[in-house]
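Shared between the two complexes below is subunit A, which pairs with subunit B and subunit C, respectively.
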Partner chain A sequence: MEVTTAAGGAFAYLWLLIGFPLAGAAILLFGGKRTNRWGHYVGTLAVVASAAYAVILLLALMGRSPEERTVVQHIADWIFINKFSASIALQLDQLSMVFVLLITIVGSLIHVYSIGYMKDDPDRRRFFGFLNLFVAAMLLLVLADNYLLLYAGWEGVGLASFLLIGFWQHKNSAAAAAKKAFVMNRIGDVGMSLGIMLIFVTFGSVTFSTVFDQAGEASDTTMTWIGLLLLLAACGKSAQFPLQAWLLDAMEGPTPVSALIHAATMVTAGVYLIVRSGPIFDQTIVASTVVVIIGTITMFLGAFIGSAKDEIKKALAGSTMSQIGYMILAAGLGPVGYVFAIFHLLTHGVFKANLFLGAGSVMHGMKNRENMRRYGALRAAMIVTWLSFMAATFAIMGIPPFSGFWSKDDIIHAAFEHNIIIGICAILAAGFTGFYMTRMLVMTFFGKARWEDDQHPHESPPVMTIPLIILGIGSIFTGIGLLFWGNIETWLEPVTGFETRELAIPAIVLEGITLLVVLVGAAVAIAMYRRSVAVEAPKGNVLVRAARNSMYDDAINDTIAVRPTYWLSRSLVWADRSVIDGIVGGSAAFVGGLSGRMRRLQSGFARSYALAMLGGAILVVVVMLLVRLP
Partner chain B sequence: MSPSAYVVLAAILFTLGSVGVLVRRNAIVMFMSVEMMLNACNLAFVAFARMNGNLDGQVVAFFVMVVAAAEVVVGLAIIVTIFRTRRSASVDEPNLLKY
Partner chain C sequence: MSGVLSASVVADTFTLPTIDYGALAPVLIVAAAAVIGVLVEAFAPRGARRPLQLVLVFGSLIAAFVAVVMHAGIRQLDGGGAVAIDGPGLVLQGAVLLISIVGAMLMAERMVDPAGDAFAARASTLPGSEDERQFSSRGFLQTEIWPLMLFAVTGMLLFPIANDLLLLFVALEVMSLPLYLLVGMARRRRLLSQEAALKYFILGSFSSAFFLFGSALLYGYSGSIKFGKIAEAIAGNPGQNMLILVGVGMVAVGLLFKIGAAPFHQWTPDVYQGAPTPVTAFMAAAVKVAAFGAILRVFYVIFGGLRWDWQPMLWVIAILTMLIGAIVAVTQTDVKRMLAYSSIAQAGFILLGVIAANPAGLRGAIFYLVAYAFTTLGTFAVVTLVRDSTGEATHLSKWAGLAKTSPLTATVFAIFLLSLAGIPLTSGFIGKFAVFTAAIEAGAMPLVIVALFASLIAAFVYGRVIVLMFFADPPADPPAVVVPSAFTTLAIAISVAVTVVLGIIPQPFLTLLEQAGVFIR
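Right after this comes the complex of A and B.
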């Protein structure tokens, strides 16, 4: 049984983790133009301070025994209505800790990189303000000790992503992409809010510890519904099928934003939610099976899209979808997979940040053009970017000893333990990973130069390459470090639980098969793109065209959601105009028309009034006689 | 003479009065017709009082006379005023108060 301790010692200022970036955002966003000159330093410093404090907290946490590593800090009462109570309280445990480290450290590197990347942007201060807001919201999300506060961070992340994706709002496409991300996230948020309501109705509380202690007492149906609603929320935030369409358009934001969204914040929130709600998903086989299925579908969907896109960032976005699919899949496996989902999330956070920042560095040297068919042979021009990008590529492909190998292999193991079909799917998707990452690497850095005439590729300034070098080293060593030095499995076990099952095939054989499939994928990519790449994309077969169009997700959404909604609202408008307004306006017109005719009776002739009075009197007499007759 | 003859006479007078009100244009004549209707009522009240042997009807007849006197005062004043401004006592001509 875990012991929850009140915040003291190093933990006394837990709120500062969120406080630093939030203060940074406040200074930059409310400070106005006078902060323009030094704003980006404040923004970066805020996140670095948070990261430094996170490291101190990690050391303090490691100094405690594993059972005492859950620290709760009550900050303020928030909502108390009758039985309902939610307070602003932070909870730091092993799971939150690794997330905080990922968010703040990778976030710091992205901030440093952005100083160089956004150097010429007139709105750099605003950009850093939004970045800080993003980090603060994400930290609130992972540090909250109840679902309602988590929801506040969840919405904060949604807001910040909207602001950042639409940062270049003068571009119509960016403004539209921001709105799309926001709206699709709202669909997930409906699941989130309904889920929280159901949790409160079922358990009478929204605090994690109270809810999880009673998780076994609720009925299966209730738990399934809670699980499915939370999964819907996770699908929205983590761009999982069927709410994945916003992720590719989100590439309209500046590249560091993509790195932040894909590596440290935003898309990881869904995985966090599912792992955090593990005790709920453990109770419901239906919901966790759906989680696995969604993860598997998205894993392939992302892999297909990543294999066909020619824009470097969109291909990377496809790979993120695919990798998050892996994590969701692992999270759906239950205690067997939670640890590996988080493990892969951490390694992925590092190498995906590396990939995106590398892609940003390439675009920086190539006048912001994204088309990989117009790259090629860039390795000589940008050596640091090339080497770090390659390290991250090997990491995501899962080549030993790069970090992705350890985490992805663990997920494949867990998947095989769970179900042989899911396991095979995971291996196949790994093959796809090998294909699309090698394709990206070859098209960008190898082969012949296919640059447009005005291109003069050059390496980025040190403020951008140093984060790349750090992340590149991270891409190599995070996996080994976390597994062998950090003991991620035992570290997370008190929160997420952990178990292994014996497997019919020896682990080493499985690793060999996986590696072989990955290398086959890579070899196919090399064979296809090493010699020559057409500058204009060939038409391709049905599958390629579908993948290039992101599996027609926009068309599908248009058909099943957008157009019916339009139709519904148009018919409602029609019903409002004709039926509702018809009844109201019609009755008014009827009364008006009738009055118009009736007033002709007021002729002004006194004798006609006298006749009417006589008629009325006779009528009264007749009626009285008739009534009295029987 | 049976009392019912009085009632019949009252009915005839009332009918004559109401026809006068409806068909004549001169306000003075209409006014006289109204007086005739009131007095037809008075006659009926008195006749009924006599038939039923109580005094209620006769009392009401006095009330009607008082009301008629008051009505004459106000009505004649109005008619005279209208006549002064329009040089006519026709009730059809002043028809401005209408829709």
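Right after this comes the complex of A and C.
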């Protein structure tokens, strides 16, 4: 049985984790221009401080026995209305601990990198302020001990994401992308708020521990609805089908943002939500099956898109969708998969941040141009970027012993345990991963130089390459480290549960098949792109064109959501103008006319006022007496 | 004091009532300061009067407030039962004192009008005469306003704790008479001001007559003027007769006049418009708090057993008040008159708390009063700042586009208007919410629906001004927003702070009201 302990000792200052970046954001955003010169250092230092404290917390947590690793710190009573109560309380357990480490450590590296990347941007201070705000909100999201506080963090990261996607708001495309992300996330948030309400109605509480203790007592239907609503929320935040369209556009933001928010941390919040709500999903076979299906669909969708896009960041965004699809799939498998979802999330956080920062480094040297058809042969110009990008590519493809191998392999394994079709899907998607990542690698770093005439590629300054080197090393060793040194399975087990089932085929055979499929994908990519890449994209077949257009997601959204909405709003406007405005305008005219008439009673003569008073007195007395009559 | 009188009425042998002067300290401090203020006027040299008066006013008001705070735990009848010092009474006294402090700040302002303060240099000079010009140009100031104000505050402090009819009447007059004078002392548009004062005086006397007549009937019915005794008589004699019903009605008329409830409201726009704006601010806020305090006590304590009889009557009054205030405000073009009608509508909303006749209604009404009072102080304070060559630019057309020339002033005014409209995150919302829920609890759902309807109309009135300030183009000769001294600045800052803080974290004040409990007998 798990024991929840109050925060003491090293845990006494748990709130500082959030406090540091929040203070950083406050200083940078309210400090104004005077912080321009040193603001980015403050911002970076704030996150580094949180990371350092997170490491101390990890050591302290490891010093405890596994049953005592849930620490709750009550900070303040937030809302108390009749039965409804929500407190501002933080809960640190094994699950939130690994998230905190991912957010703060990868966050620190990205902050350092951004010092170089945003060097010439006049708004660098504001950028760091928003980044700090994001880190604070994300930490709140994973440290909250109840759904309502989680929701606050959830909206906080949404806000930060909105602000950062639209950071270069002078570009119309960036402003539009920010708006798109915002609106699509709102759809998910409707699910979130309804889900929380239903949880409260069902269990009378929104605190995790209370809800999960009673999870078995509610009816199946209720649990299914809660599960589906939470899944809708997760789809919005994690860019899962059918709410995936915003993520590709979100690449309009500065690259460090894409790395931190739209690859490593925020978009994985949906996975966190589902794993955290595991006890709810365990009760509902319907909802968890839907989770698996959504994950599988997105896994392929993202892989298709990633295979066809020519802009390096969009291709990476497709890959992110696909990888999160893996995680969602794993999370839908229940206790068999939770651990692996989180495991893959962690390794993905590292290698995907690595890939994005590498892409950023390439763009930095290529005048911010994204088109991979205009890259090629960059390995000589940027050796560090190339090597670290390679490490991350092998990691995501799942080549042993790079980190992705360990985590993805586990997911495929678990998928096979669950259902052979899902398992085969997972392997096929792995083949796609091999294809699109090799394609990216070859188009960017190998082959012939297809640069435009004004290009002079160069390696980025050390402030950017050092984080790349660290992440590159991380891409290699995170998997082994977490699995063998960190014992991720036993570490997470008290929170998420863990079980394994025997497979019909030996694990080593499965691993072999997977690797083979991946290598086939890679070989196809090498064959297609090694020799020559057309500078202009060829027309391609139907599938390629569909993928290049992000599977026509905008068109689909247009047809099923946007146009009906326009139509609805147009008819509403018509109804508003003719019916409502008629009533409102009419009543306004009525009130105005009445007002004008009644105003005339105000004659200015004291005698008529006195008469009115007398009338009033008679009225008062008459009413008093009338009441007594019957 | 009247306590002596009332005691002799009920007892055959005359016994001097014991008076706990400590418990009455807030009233006594302010009254003493007022008397000393008169002496200062008589004996101090001209130059020294204003500083001395300011020290007296602020010193006594703050000291009285400290005394109120120190009495927080007292629940007792005093002066032979003539005053009841209890939780709600003390909260109302504290509110009156804080409002008076802010009001005094506005009256002390000397920077906004180039000619001096808001008051006539010599109230006795004929408007437009050579004398008036002489006194004005020589920079005379009317420092008698300060003792007058303190006397009014004395009355207001007694009003919500008076526990017999005679003391209530005395408090009413002590409160009102100085106000009649203050209203007539505007430096600019003096004829309007004097006309307003005279109307206020005549109609006020008229209403006092009703009140006295009602008191006589109540005495005739119960043989006592003490609230507790009258309530006992009502309880002991379920079959009421004409005497008590007419008495209740008459007393109600006298009190409803003071809060400007319809159809006893007609003095309000004229007086609010004519009075010097700092005085308007002070009386719109403080008189309403004190008078509602008395109404609450009278209806809860004396007439509590008769509620089935007076509730329908108050329903009628409340509906009339809310609708007339809100509807007539729609066509007002003068900002002070508009605010006057708005204050009528607000009085109607507060009446819902009286009608509820339950502890929640009492708390809600007091919360609403305090919220409304500070917001009102703030609105009139802003009105004093927007000026053109003839003084305050009160015509609404002059306020168009104010946000473009002085965004801060327009924003502050917008905050007050939003609070008056009852928009969430302002004190006005919590106040409305509190009285409406109390009224629903008491089964007055139809009344609440009417109130919501009236709120809607009122919201249009306030919204229109906000739209005017923020989205209209400024007139050809835009008024200037003057920079006031620390007095008005601080007063506006306090009003904004109270409006916003009570809107966002109302709980501490609600808890205080809960601890204050209910009226004692």
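One rule holds for everything that comes next: the second predicted complex is superposed on the first by the 576 of 630 C-alpha atoms of A that agree within 3 Å, B and C clash if a C-alpha of one lies under 4 Å from a C-alpha of the other, contacts with A are read in each partner's own complex, and residues count from 1 in each chain.
As a working rule, a residue touches a chain if its C-beta (ideal position, glycine included) is under 8 Å from a C-beta of that chain, and two chains touch if they have at least 3 such contacts.
Since the model is a prediction, treat every value here as computed from it, not as a measurement.
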Touching partner for A:A610 - first (subunit B), second (subunit C), both, neither: both
Which superposed partner A:K33 touches (first subunit B, second subunit C, both, neither): neither
Touching partner for A:V623 - first (subunit B), second (subunit C), both, neither: second
Touched partner set for A:R600, first subunit B, second subunit C, both or neither: first
Contacts of A:H170 with subunit B and subunit C, given as first, second, both or neither: neither
Residue contacts with subunit A in the superposition, subunit B compared against subunit C: C
Subunit B versus subunit C as contact partner of A:K539, first or second or both or neither: neither
Residues on subunit A lying within both footprints (that of subunit B and that of subunit C): 599, 602, 604, 606, 610
Touching residues (chain side subunit A, partner subunit C) in the complex: 588, 591-592, 594-596, 598-599, 601-602, 604, 606, 608-610, 612-613, 615-617, 619-621, 623-628
Contacting residues of subunit C [partner subunit A, same complex]: 198-199, 202-203, 206-207, 210, 240, 242, 245-246, 248-250, 252-253, 256-257, 262-264, 266-267, 269-270, 308-310, 312-313, 316-317, 324, 327-331, 457, 460
Sites on subunit B touched by subunit A in the complex: 18, 21-22, 25, 91-92, 94-99
List of subunit A residues in touch with subunit B within their complex: 599-600, 602-607, 610-611, 614
